[in-house]
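The structure is given below, and queries will be raised subsequently.
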């Protein structure tokens, strides 16, 4: 059983608290910190939290609190992390870790120096589907992963601070690119070094300073590409899809808009549909249990079990730092209009990764290229002659 | 926090224990009962359960145990329920409650006389999608529900006892019809009386005495139909789909085979895919977290919260009894080849339900029948003259 | 090249004409018959048809016309068929063939006596997916077909006459049950005799005399069940889905609402979406080419090729007659509340069909019942002892 | 009615001939040219073509032939086009038009100088879904298009020549990028100038000289991005998906692997499933009518109607040339690792396109940023103060 200080009474603080208290949980939020007293009080009442405070320091230093959960705007992460480090308490921080890699690195150093458990609250690698898919990929179901597409788009965030660059540190690339980049890393292999990035960060539609539409490719040392697609100008709800391509297989995951739950309603009385749903009439696509499907239960289970077992959770501040470096390179690339290197101050993965390769012999003279069943039932082989390099085709008749 | 005696160390006992212990649960299975000592011991070890026993009585009467969970073959439910009633402990029983309505009624009487909490472990009304859908239906999103299709089909159950009629009490109708019938009741309204049933129970393919394929329609007092489709001869995995039709809307739920998680694997190294999956190569459709998606977490949350709050769970032995009566009528109808009445020894819903009806005026002379947009943009109205009864059509040009 | 008289200038006449003239067709509607001169004239202009007439007889007897296509209300089919028979011209009639089996039989006799080509315009067995699926089923991809579900539901038909029982002959069962019944027959085998029927025909919501909701099961001689689901009170568009269950496989077809074409539009400017679509905003599901997807191209190709090659099309008046007999039995059953026999005046299929059966030996002592992969990688076998009849389970460990 | 010379008796020649002859077509392939006499003869027999020849010139100059259709390897397009131009006959050429923009421009000049009809056989903009989607986009259903994703991936092409760079001119970027680029152009607007490109062209897995995996972004003058994803190393069949994002809506199209037709077969007797399908057992996803779904019928209908009406088809050599220039810039960018300009020798679209913009006032002091329904039913507005530039939020309570 863990007692928690929740920092932040906004949308994400609410989701986290549902995640912590949900089902038959043995964990409990002990104190809620909000700058605004009435919000904090209301939050405490709604979630059955014993205490509220407008002092971040008091919340962190509450003697009953063992774990600090940060659900604050991006510009306040560093302060909160330092308070937790000073208090020697475990700290779990929402995404992105920093507004940039410099901040992230400072946070990483702080928690490692303090020797406390640190978790990076990247919920989307913890969705039930993603966890199972990662397990399959690690078991070899897809062969070598060559490409990952991770997409998170919706019609824009809930709170004013996201839209204000000095607070958030950036637009949609920072807000959601962090999810997509870390999802791809998990599939490609967290020990494979991200080497370079090209990105687009455009302000196409919204009257804001930061980007409202961002795309990027991250090239990993073995040749794999992590593609991210993020947008605050998508229409139709929240699109959370991932695709993984491997030499032996493919995965397609849809976490939100098409999960086997379709509803048509003429009357618009269906209640709250799902986060960022745009319609309440006509065909709508609710999510059964958002807290579960967005990975919150699994994420906190991993984090608190690591605390109890004195291990490390799946996602730590180190991961948050790597992601911030990739995003910094991406912003750089969006300006320079060329591929930019990812410069890591610390790298704990493989020093050298071999290129993906699947070359195999067909017979002593030929390398296998491809085979396919034709409409007449025969099989067509494409082969490469080892000596001449010439590519030929060969038909095997249907028996 | 609740301490549990788990009766039965088979497939369902395992699923229940995962459901009870999963995530950061505060509940704990204290003792496992299995007829077979080595199975019980292995089960205890696997799930971290302190005690095992080959005496059902000892398990139930263990002084630490507050709640008895029954995951036994159908022929043993009644004995286990009576032990729990005698011990005055809360009892949760797997589906179907009885092998027939006589057994079910006896169990209902036993627990009510003993004044203990009783829960009917109908997990499929607790899937995250189903709970949310029921909530929408109750909020009026679909208007009046006119028809529910609930389908559960797969290639046959895991254990030998299911296939043996004296133990199970019946075939696929009893095994899975109970799910489908109760799902439909929840959508149509548990207070609307089921009045009559027609059913098919055929042994089409398997070398068994009981039916391997069963279909049925249950007619409710307000005219709504609950349709169930069950089979042990379905090929392709486990098909768990529900459809709800209402006067104002429609719901389609797919709990298993198409939930937004598609995987192709050439190599067959994807590991365990999902319950009753038939393939491990090619296109497969895993489920993220089966324990969650099949409703176990939500079900036990409801049951144990009812225990703590001294209320009643969503599904009780009374519901189990109603379902058994409907199934008895269905078996009867499969033989008599005509609609058979559902005879209820006890009915706690509405005494009289009005027929579904949505008649509304279009203007003072006409009743509205229908309207539709045509390819040229005009709208075609179908109206009924109140006096003459004549049905006419009327075109409203596109403006 | 064929010259056609189109009888009927309504919705279906329009669809047929698109089907006949579409793409680079060599066929041509030569004359359009409509009771209403202005409608006929407008229709002729829209579709580039040289002549229009208000005389059905003149249309049929036009010397250039070789083929008569009937797209008239149900009560006029018989008159039109007799005119074509008298003229000795090929005749293609829309569904249902008759308002009842008596009419259908009279039409069948008329065309057979006249020795003319006769086609039953059951477009939904000609959808591209259905044709390919039937081919796969016939090739054995599903083993023995045990059950077919065919569903056609929407919010009600376009024209006033459908809603008026004296003209239409019945409600949704007659209007759409005919599609579903014939689809199932094609999968189960058109040579397997339909033996008995149970049906529901309720008027749940609409202010009409005929049924607005109808369900049925048709039992075939080999034990297979053809299930149909039809409704005029479905909300959400036109639901055209078929499912086929066989001993070796499964088919799921969605012809309309989920075909890989999803659109979200905030503005409602998407134009005509599809037949019976209910919304023009939010998430909508258009159909690429309705004329193609509803089977019209394939249907007329089959019919006119049969004419040129002097063979018989896939669907003839004989099929239409069988379907009418099944529907008559279904109406009867809805009243009698029991299974009713299908009485066929003429039967051209198998005299006797063997029951579906898949019993096979596992070893010399056991019959195979089932096998399944368990979560731990082992395989569980369910077997039946040949002598004792006892069912046992056997675990094969993962190697 | 048009008489056709088909150049090329390979896979694509076969598909084209099915497309030309299918349904009740009035067009006819008159002569088939193949270098290999026996293949030509077999092709002629299979498709009922009166003549075959091993002389490309004879085929083109056959006096009965009006239209030349080129289905040859890429290195032979230019020769064939010149023959047709010399003969003054209409010419339709498969994709890509040239192996590079230089070749494509030469072909464009040749046909324009000769004054003949020229069609670029970009079938994938003619799929039924794509045509309907383009129509909706043009009608304004999506507002301004901001981003298009077009994806074509499969496990590699059928014939040896594709894999041989001197014949094909390139790898998967050239082979399939041409489809994706032109699809995006159609949605974004063919009159909006493509200005710059960044691309990836890697040889990740196959033992070949050209790229087997290619990705790219094309930036259009108004800010819209056309994203393409192509691969010869995808596993699972042929993935043909398009997504369109607009300021007012979204389109998702799946042309192949998920079109509402699912089949499970244990036995592998389903016959030919679809082009580039990888499995014949387990869950498979056939396509109803590949010739229709891949756009061949619609494409030839457009081309031959243009011929008869003396207009221009939707896709001409000019379009083919634009696509080749974009691909040349993409190859350049894959080497230079930076965005490369698209240099067009001829541009017939808008001289200047305005940037996408959707700024609108909320009230006299604020610009609208976003609104969203919250779980408690309230609506949260995000607004920007016109004077201060500050972004604020505002809650409208649920009434």
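Read from first to last, the chains carry the letters A, B, C and D; within each, the first residue is number 1.
The rule is simple: contacts are C-beta pairs under 8 Å (C-beta built on N, C-alpha and C of every residue); 3 or more make two chains touch, one makes a residue touch a chain.
From a predicted model like this one, the values you see are computed outputs, not experimental measurements.
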- Note on the structure: Touching both chain A and chain B we find C, D
- Query: Between A-D and B-D, which chain pair is linked by more C-beta pairs in contact?
  - Reply: A-D
- Item | Geometric centre distance via CA averages, chain D-chain A, whole Å | 33
- Query: Per the centroid of Cα atoms for each chain, what is the distance between chain B and chain D, given in Å?
  - Reply: 48
- Shared-contact residues (touching 2 or more other chains) in chain D: 142, 235-236, 248-250, 264, 266
- Contact residues on chain A for chain B in the complex? 1, 22-27, 127-133, 135-136, 139-143, 248-255, 258-267, 269-271, 286-289, 292-293, 297-298, 300-301, 304
- Message: With touch defined as at the start, can you tell me which chain A residues reach chain D in the complex?
- Response: 142-143, 146-147, 149, 153, 155-156, 158-160, 163-164, 198, 200, 202, 204-208, 213, 215, 217, 219, 223, 225, 227, 229, 231-236, 239, 245-250, 272-273, 276-277, 280, 337-339, 355-359, 367, 369-370, 372-377, 380, 382, 384, 390-393
- Query: Where on chain A does chain C make contact in their complex?
  - Reply: 235-237, 264, 266, 278-279, 281-285
